[in-house]
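Take a look at the structures listed below.
In what follows, chain A forms one complex with chain B and a second complex with chain C.
And now, the complex of A and B:
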């Protein structure tokens, strides 16, 4: 059985205007989880709970075998954390920050840090207040990666990056993934980034986990079936149909359990299938959120 | 308690704020120099004001930059990603701010006392100076505590303003205490019961403020 890097069981947190409800999350060692949700869905709160920065009101959190928040210090030695709203000290240089990290982490890898400096085209002598958003994100990533963490937690790291900086960051993360023992939790509302590097996807909305599966399973199960229906066609009561859109005789149904049987059932209901399309992760994500909101508030 | 990490966080703050701390120490020394070299009532007032201003600004800079500023400028997520608990972080902040303040404060107060006791200025003035300098320390403890517990720049600025106004009221109040006011022209200094009581109350205030700060920090469940 593969060890778990992160395990959240029935975790809840109550605020006046927001509730995190029954969060169950498991990330195996060496895996990359994309944690996707709209703004305000609860991604950052969940991440801060698993780092011990916010204490859960209910449930159990275990990170790298340590119970959180009680054993957060022991866990944090092996966690690299980067978030979009994280800032380095503006009056200090990157070199100063690197020395600080080196003085704290015995596993700090000078050679790797030098490699990353070169790869990210960062200048160690530059004061952090003078760097761009992209350079700041790369600097944060460098500081997190060169400490050689077993778990990398990234909270919206690519938000606001220009396409070139985003490519650099994602490329480095792809390299990191090659280390099979390192786990990554990557939160974002940008499904394109998540799709590139994740092998497991979890959707969260309004403080609830709405779906958590392997990326390939998601992409294999979801399909859009375009059809033409001259007579009466209704998808009501058809199992496995998540969404139906019609415009005159043309229409499309979305299924989350794609198989030949589903296609047959749609045909039998009076539709002529004209195309079967794979869906992007973004489309799957939006369909999941819409369905979840309907279920919560019918 | 992770002592080495607390020390590292304190060294980090020293690295970041040492220029401001040393500059304000120098400003205080300049104020004392004016008192010593001027030898007139005017230069005594100017130098004294400069000295007190340096001590007050030092407290404000330490609290505003290293505590409230760290949260406002979003450095906290970076610091808290290090292997440290919120409680240890609070300890590091309290120890750093109060130690940095104490060192500068003690140097300037010792030098000021030496100047007063070794010059024609009546030694009885020390009956005013000692509670006043300790009141500045009370303000520092209060500002540190409020800034850490409130996690708010607004609250920090409000308490700083209140302390700076309050210190003037405090001075006006204590000169009316007969045991203090009557000594201004006295060539000898006498610590009487009311002065000891005042100093005791100030020390108690400092201890309670720091204790309460740590107690409230330990009870927090959401730190960032």
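And now, the complex of A and C:
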């Protein structure tokens, strides 16, 4: 059995205008999880709960074997966290920040930090208030990575990065999991990044987890079947069909349980299938959100 | 780290199939001969910048096809067959010919007409090379 880096069971949190409901989440050691949701879905709240920064109202949270928030002080040595709204001292240089981290964290890796400086093309002497958004993100990432944490938690790490910086960041993340005891959880609304490097994908919307699966299964199960039908075809009541669009004789159905059986059923219902297409993670994500919002409505 | 494979974002095929195809090509052209040790799943994932699960799936499918073997605790290797490269190339040729035969039948060509066409195409290709 593989150990879990993160486990959330029936976690809830109530705010006046937002509720996090029954969050179940499991991330195995050595894996990368992409946490995807629209703005305001509850990604950051969930992340802050698992870091012990916010206390849940209900449920159990365990991170690297530590129960949270009770053991948050002990857990923090092994967790690296980067988020957009993180503060650095504007007057101080990156070098000053690196020395500060080295003095706090005994596992700080001097050589690795020096390599990252080069790869991210950062200047250690520059005051943090003078750096661009991309440089700031890379600096934050450097400060987290060089601590060699066992769990790296990143809130929107690639948001606002230019394509070159994005590629550098993704490459560094992939290097982290060369060590199979290290794990990454990152939130994003960029499904392309998630699709590329995640082993596991979790969709969240309106404070609920709507789906959490390994990526290959996700992409394998969803298909769009284009069809041609004269007259009688209706997808109503066909099992496995999530969505149907039709205009005249042409149309398409979307399924989340693709198999030969589904294709047969659509044919039997009177449609001639002209193409079977794979879907991108973005399309799958949108279809999931649309469906879950329909189900939630009374 | 330099990357062993090049993955395309605009290629419509899933990433694990792209990984499989490129490994198959490396074996076919002899860059990775029979018995050659493949990179570990994690090392390849890191160098190509795709998820571990994607590379794992590609290795599993290649194993099912008999092109590679995985020895517990020792890694994955190209199947121990001195002729594996030429074999793969032959299979690929056969695949193209199957397609050609199908088309010819759709066009109502018989075998001798198809063979004439093959002779003609070959002659043209030889002429171009000269």
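Operating definition for what follows: the second predicted complex is superposed on the first by the 297 of 298 C-alpha atoms of A that agree within 3 Å, B and C clash if a C-alpha of one lies under 4 Å from a C-alpha of the other, contacts with A are read in each partner's own complex, and residues count from 1 in each chain.
To be clear about the criterion, contacts are C-beta pairs under 8 Å (C-beta built on N, C-alpha and C of every residue); 3 or more make two chains touch, one makes a residue touch a chain.
Treat the numbers as computed from the prediction; the structure is a model and nothing was measured.
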item	value
First (chain B), second (chain C), both or neither touched by A:252	neither
Chain B versus chain C as contact partner of A:73, first or second or both or neither	first
Touched partner set for A:55, first chain B, second chain C, both or neither	first
Touched partner set for A:92, first chain B, second chain C, both or neither	first
Residues of chain A touched, compared between chain B and chain C (which is higher)	B
Which of chain B and chain C A:81 touches, first, second, both or neither	first
First, second, both or neither for A:103, with chain B first and chain C second	first
Chain B/chain C common contact set on chain A	none
Chain A - residues contacting chain B, complex	48, 51-55, 72-74, 76-77, 79-81, 83, 85-92, 96, 100, 103-104, 140, 144
Chain A to chain C touching residues, read off their complex	30-32, 167, 170-171, 174-175, 177-178, 180, 192, 196-200, 214-216, 219, 278
In the complex, chain B residues that touch chain A	2, 5, 8, 12, 15-16, 73-75, 77-78, 80-86, 88, 221-224
Touch list for chain C against partner chain A, complex	1, 9, 12, 14-16, 42-43, 45-46, 49-54, 57
